[in-house]
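Look for chain A in each of the two complexes below; its partner is chain B in the first and chain C in the second.
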Partner chain A sequence: MLRLQPFDFVKPQSVDEALGLLAKHGRNAKLIAGGTDVMPNLKHGLYQPEIVIGLADLAELRGVAIERDNQEDGTLAIGAMTTLEEIESHPLVIAHAPGLAQAAHAVAGPTQRTMGTLGGNVCLDTRCVWINQTHFWRKSLGFCLKKDGTACHVVEGGKSCVAAASNDTATMLCALDATLVIRSARGARTVAIRDFYKPDGIFNQRLEPDELLAQVRVPAPRFTGGATWSGYAKLRARASIDFPKLSVAAAFTTDAAGAIDDATLVVSAIAATPRLISGIAELARGGRADDLALLARLGERAQKVTVPLTNIDGDAAWRRQMVPVFVKRAFLAAKAAGAATAV
Partner chain B sequence: MTVESKLLRLHVNGAPIDVAAPAHWTLLEVLRYRLLLTGSKQGCDKGDCGACTVLMDGRARLSCITLAADAVGHRVTTIEGLVTSAGLDKLQQTFDEAGALQCGFCQPGMIVAARACLDRKPEATRAEIKEALASNLCRCTGYTKIFEAVEQAVRAGKAAHIGGPAAMAPTASATGVAR
Partner chain C sequence: MSAAKPAGDRTDSLEHVRSPNRTFGPQPPGERFEVIGKRMRKVDGAAKATGEALYTDDLALPGMLHGKTLRSPHAHARIKRIDTKKAEALDGVFGVVTGAEMPARFGVIPWTPDETALCIDKVRFIGDPVAAVAAVDEETAERAIQLIEVEYELLPALFDPAEALARKDVLIHEGNKHGNVTKEVKLEFGDLAAAFAKSDFIVEDDYFFHGTAHAPIETHVALARFGSDGVLTLWSATQIPHYVHRELAKVLDLPAPQIRVIQPCLGGAFGGKSDPFSLEFCAAKLAMKTRRPVKFLYTREEEFYAHRGRHPMAMHFKTGMTKDGKLTAVDSKILIDGGAYSSFGLVTTYYAGQLLTGPHHLPTYRFHSTRVFTNKPPCGPKRGHGSVQPRFALEVQIDRLAEKAGIDPIEVRRRNFQGAYTTTVNGQRVTSNGFDQCLNQVEVASGWKARRGKLGRGRGLGVAGSMYISGTNYCIYPNDMPQAGIQIKVDRSGLVTVFSGASDIGQGSNSVAAYIVAEELGMRVEDVRVVAADSDLCPVDLGAYSSRITFMVGNAAIHAARKLRTQVQAAVAAEWGIEAERVLLAGGFAFDRDDRSKAISSAKAFQITEARLETLGTTGSYNTPNLGGDYRGGTIGASPAYSYTACVAEVEVDEETGIVTVPHIWTAHDCGRALAPVLVEGQIEGSAYMGFGEVFLEDHDVNRFGLHARPNLLDYTIPTSMDCPEFHASIVESLDPEGPYGAKEAGEGPLHPTIPAIANAIHDACGIWLTKLPFTPAKVLAALQAQKAASGGARNGASGNGAAH
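Take a look at the complex of A and B:
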């Protein structure tokens, strides 16, 4: 039995009320959306909030829509409280960002996706085999850097926490160059998701204690004469409930003849931030996304800079060997899903 | 910090019920230890195993990682609530007929998750059934008979919600009587 430590619980009825509560309680408050990550972590004593703020009633943070900034540009605007199940099955997401639908579908099992939200997945805490354990278990080992301790059990003598970003949708949103709308009682700001994460396993998000992630904005493909593609691949022990041992997202555009114009590859579940692999566009340009020799070269490039640690289940050397396999699968998943619909 | 109980106006198995519980209690704790509805099982207690699955507004929900206070304003249905005056839920019958259990611990969660699936997809295929039950772990049956039980419910009158009088005495785990 895992009991929660006592806290107060409030359920604001508007975003402004939630922001007011956050401004008042700051670090003593914990937000809860679907609860699928926060609740187990609370039960493990990873957070000790005085007050938990339930966001479930905030209908204004839910929903998917296409917003047109002007005649040419379109954005897929997704409320942070939209559930992962809604994302994976939403016609607009499937049409304009197929890779995001795939990544949402890859999170945990169906019941967790009915509860869990996109905002919650973007703000998922980092994971490590030494931290996602009961308080008793962690105490028996003298705790660790991430919470209550001073030592790292992954990197001997390590002084910075290496717990890994383990959110499937974040990998894909980085590949799609999404932006996040973050609100506080002080106002609203927009940040590129590629700048949102910082290399600190203790807390990997550039999010102040009074701030709340309100919306995720994904650029929708434009009419270019070519096509836009995105695909996601995930290494995990079982096809249902597990966090990624390796998370790979690919996004690319092709010209009218089907040759790759531009390509982005992101690998995660390795370190505290999703990693954008450099040089992919140069390697891929002019090639075809189903050319296995090209995909092998892209996989090799990703593998070179990807060094899995022992902080996630599964042999680290094996996970590294799997990098090219899952790079290939991400590109092939993009092809299998079909080109995204331009707006 | 003094821990005070709050009055929660829940709606469980078709009826409103007021219950006093501290703010940090989960829905599963309130169901089991306040309302004595012990059909929903406390397994991993952190949202991995699905033994605690209940319906909230008809959708499957892990009650061990849902705060009871978060269930206020929603209709909660537990394994006990699937039994009505008209008899057992069709799935409770077919799980018994198919012998879809060994120890029975996962069964309430399996049946509730299957109910959520069939309410949305009355003609669910084997693949859809497997996907819908992917959040529910069983450590003894190997799942085959569980999937067969759900398929049997699909076939039998295309999953009419109420199954009528049971042909045989149901096992205690299928009805939630097993504590």
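Take a look at the complex of A and C:
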């Protein structure tokens, strides 16, 4: 079978210990949470860490809670090591961020979700048909931009890597305007997930080698007299297991009369970052989320700015045709899930 | 071939045992069937479910080394130089082997030996094996192969079979007399021109069947030991231990008696393990060189390179029909993409034509099939070898013609039913044939009459039919010996051991052998143990291919067990002073038919027999009768009995995305007598599952660099349980006069009609004809949009003409 290259493995017992190890080893270290992405990538020779730091024992990075900063604001605080299976079935997530429960449920299959974590999915490496293969395969190809080579096989002559963000939950967390708590031995910082990703398929995260994603914070809806909704739609080859060929998240608020007040739409599995579609709130405001004509306009808007490439297996032109369909399905999924519960 | 000589058994008094092809008719040996036809557990079911079963990779020997294979990174290149010094010098490396040390050419078909254990002068596809290493562990072996230096001279690579056919300047196998053509077959039966001339309807179009892989859960794995006694033992995940035995002797230049081949418990094969493979020779050679046991376990990627999967076929078909729905002629021209080596390709090229002449009566028929080499992983036999592809084209054309004639697709197949006990247009002898009953069953089960064409746009039902062989009388290497053999040994404890050469690859052939012997000897199944697929212990069987085992090994098992039954009946009768026919064997007892209080256990009956006769043990065998058309190739595809299948698929087409879901597949299969109905149902469901996956998800292909596009089980998508239809399996039992108790095959036939039934259902759902597999959503959507553009708006259901895509 495919073998791992040798590395040291440590399992810190506290976050501080983990941060100390990261500070010491930096780029030579690789974090492993559930391992569902890191392990195959290690076997494919995509990383050559000297040390792998296992986060499984860090109970303090696990769990879901509502945190109230004051009487009005509420935040769904989710430890990065919380498994996707816990997220998809957690009553607080289902109640306050139904779209996130849907997105977590859409990741891989039940086995992977039992192991895989939210933090791991947020930090998932980008994917491409030319990179997620064995060392032998990549070598036969002459490698590629993302690792060991100089040429891009997706965009001929391309100088920047277009490997695709393929993390279901990231699309939804961008739509929900989540923030990430990132820790290092130097301290903690908070960054909006919309600013976390950068358009570089080689490494698409603004994360320093000594940093660790500790928590994901999702604004919980406040009671405004209206309602808050979120929904996720995923295009994939099979009904389970597969990474997205298209990932669409919608989040919106409605007023007391049911008209859309504000709306956000994010499309991913296209390029290195999830893409926030601009102008959606303006188009949607005053409309209804089950108005198919409105959804078609939103879909058209998204389609205009999304250009699927051959970085993902399957007909790219067809994937582009699917953008409006899955925009519609994300909004309808939000309606079907029901309004989020306000705190 | 001539019949084997009858066995010279002095107690053998049964005349029919001497019949050349030794068949026993559909009747039970006693008053009624006690085991056969019952819903039994597999003999190895519990061991597999609990993890006790020992697969090849579970075996470990003291001092065992691990092997790895260096593979070609180029699709077509000449090997200028191989330098293994650095690899040999690496700490932990015990041996390195290159092709020059095993120069003998081999191939599963003796007429086309074009493989070597490792490439010598040339590599012909990315993944072709070049050198191998045995080291203390897999990690060291992996490091070592990276240290082997190979200098290549690149050659132009051919990936498109049409180009390979046309190019004379690039030869994948130099010395091949016909350019890149590996085999060409042209056969014509009857006057096609006249038949087309009197046809009221003719359809003529192009079909494409893509490449698909077997994707067994267990990859190839082999373990070799070379003992101080000079005996080489090879444990291998193979479905053809006998051919591996023969080819090992040739390639290793060892006398065959010094080689022992054992096939342990096997984790899926589907035709993908029916060639000898590089790792079997390399493990053996390195064990001989290092004097240590050596194991090779292929990665999933290597399993995709070893391949031997379904051949891509570009098929031009023309079929005619009269207005009352009678087929008049079928004319096909097929270009077969063989990949880099011959493998079973000679047979594939025949099967692409020869196996299409039932269950529908074809008054005239012509086929012209050509297999060419390309610089891709070699194709070979996959479940339904050679005939799944043209069956797709033919069954879609029958539906197109039925539509033109205005006849229901099930009805049109009824009108063309060839019937039982007939001869096909290409000279194949048909015995039992329950295809008409298969049609009836799926028609009723699917609610066809009430639902077909009435489910509204986007939903539809489709039907197709097929036939397949129960083994073939074309023996891979010419010989007059039996195709299958069984030996039975009796212990005084009452245990009976059955030695079977057959490869149980999960289909349950060991279970069937146990059921048959238990039935014949009136024993409890748990008192019968099967030892199988060990060349030192078991009589030769040719292997698990062509759906031959139940039919042939089953007959051999009846033959061996009935001899023993006769002995036991005679001995007990003598002991009791009654006539032998009064001694009945059933349920673990021997008893007097006329005084049923007089009963002894099977063990006691065996002891009496041993005391009166001698040490107990019998043999049995089976060989096919002379079959087939009297022309070159006429025996290829000739089978002692054919199975028949009808299938109805229900589909739902999402016209927004082109994604097709299949809520139900109903398959009715005529397997003669179902010796083990649970196993038959499993084969029917598994076949339908595999066909379903091939229609929509699976695609074995290379990218523009000639690299396998999806050499892993994330990218090479096989259906998950979430994708699967409800499979409804039903069994039709047209008792065959030659099958064991009337049985025929069940392992491959049921796959065939699944694919065209789905294609025909998509037409019923939305009026489009899809002719190019796989039916990806992009293709379906494009066809729907072309249909819309052609009609300038809405069209309804099956009345639409649609666009062939």
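The rule is simple: the second predicted complex is superposed on the first by the 343 of 343 C-alpha atoms of A that agree within 3 Å, B and C clash if a C-alpha of one lies under 4 Å from a C-alpha of the other, contacts with A are read in each partner's own complex, and residues count from 1 in each chain.
One rule holds in what follows: contacts are C-beta pairs under 8 Å (C-beta built on N, C-alpha and C of every residue); 3 or more make two chains touch, one makes a residue touch a chain.
Owing to the predicted nature of the structure, the values given are computational and were not obtained by experimental measurement.
In the superposition on chain A, A:Glu67 makes contact with neither chain B nor chain C. Contact with chain C, but none with chain B, is seen for A:Val325 once the two complexes are overlaid on the shared chain. Contacts of A:Ser240 after superposition: both chain B and chain C are touched. Contact with chain B, but none with chain C, is seen for A:Asp8 once the two complexes are overlaid on the shared chain. Residue contacts after overlaying the shared chain place A:Glu300 against neither chain B nor chain C.
Once chain A of one complex is fitted onto chain A of the other, the partner contacts of A:Pro110 are limited to chain B, with no touch recorded for chain C. Overlap of the chain B and chain C interfaces on chain A: residues 1-2, 5-6, 109, 239-241. By the touch rule above, chain A contacts chain C in their complex via residues 1-3, 5-6, 109, 129, 132-134, 136-137, 139-141, 235, 237-243, 313-315, 317-318, 321-322, 325. By the touch criterion stated above, chain B contacts chain A in their complex at residues 1, 3, 22-26, 42, 45-48, 50, 53, 59-62, 64-67, 69-70, 72-73, 113, 131-132, 134-137. Listed in rising order, the residues of chain C touching chain A in the complex are 71, 73-74, 126, 138-139, 142, 297, 299-301, 656-658, 697, 705, 707-712, 714-715, 717, 719-723, 776-778, 781-782. Residues 1-2, 4-9, 11, 32, 35-36, 39-40, 43-44, 50, 52, 54, 56-57, 108-112, 114-115, 239-241 of chain A are the ones that touch chain B when the two sit in their complex.
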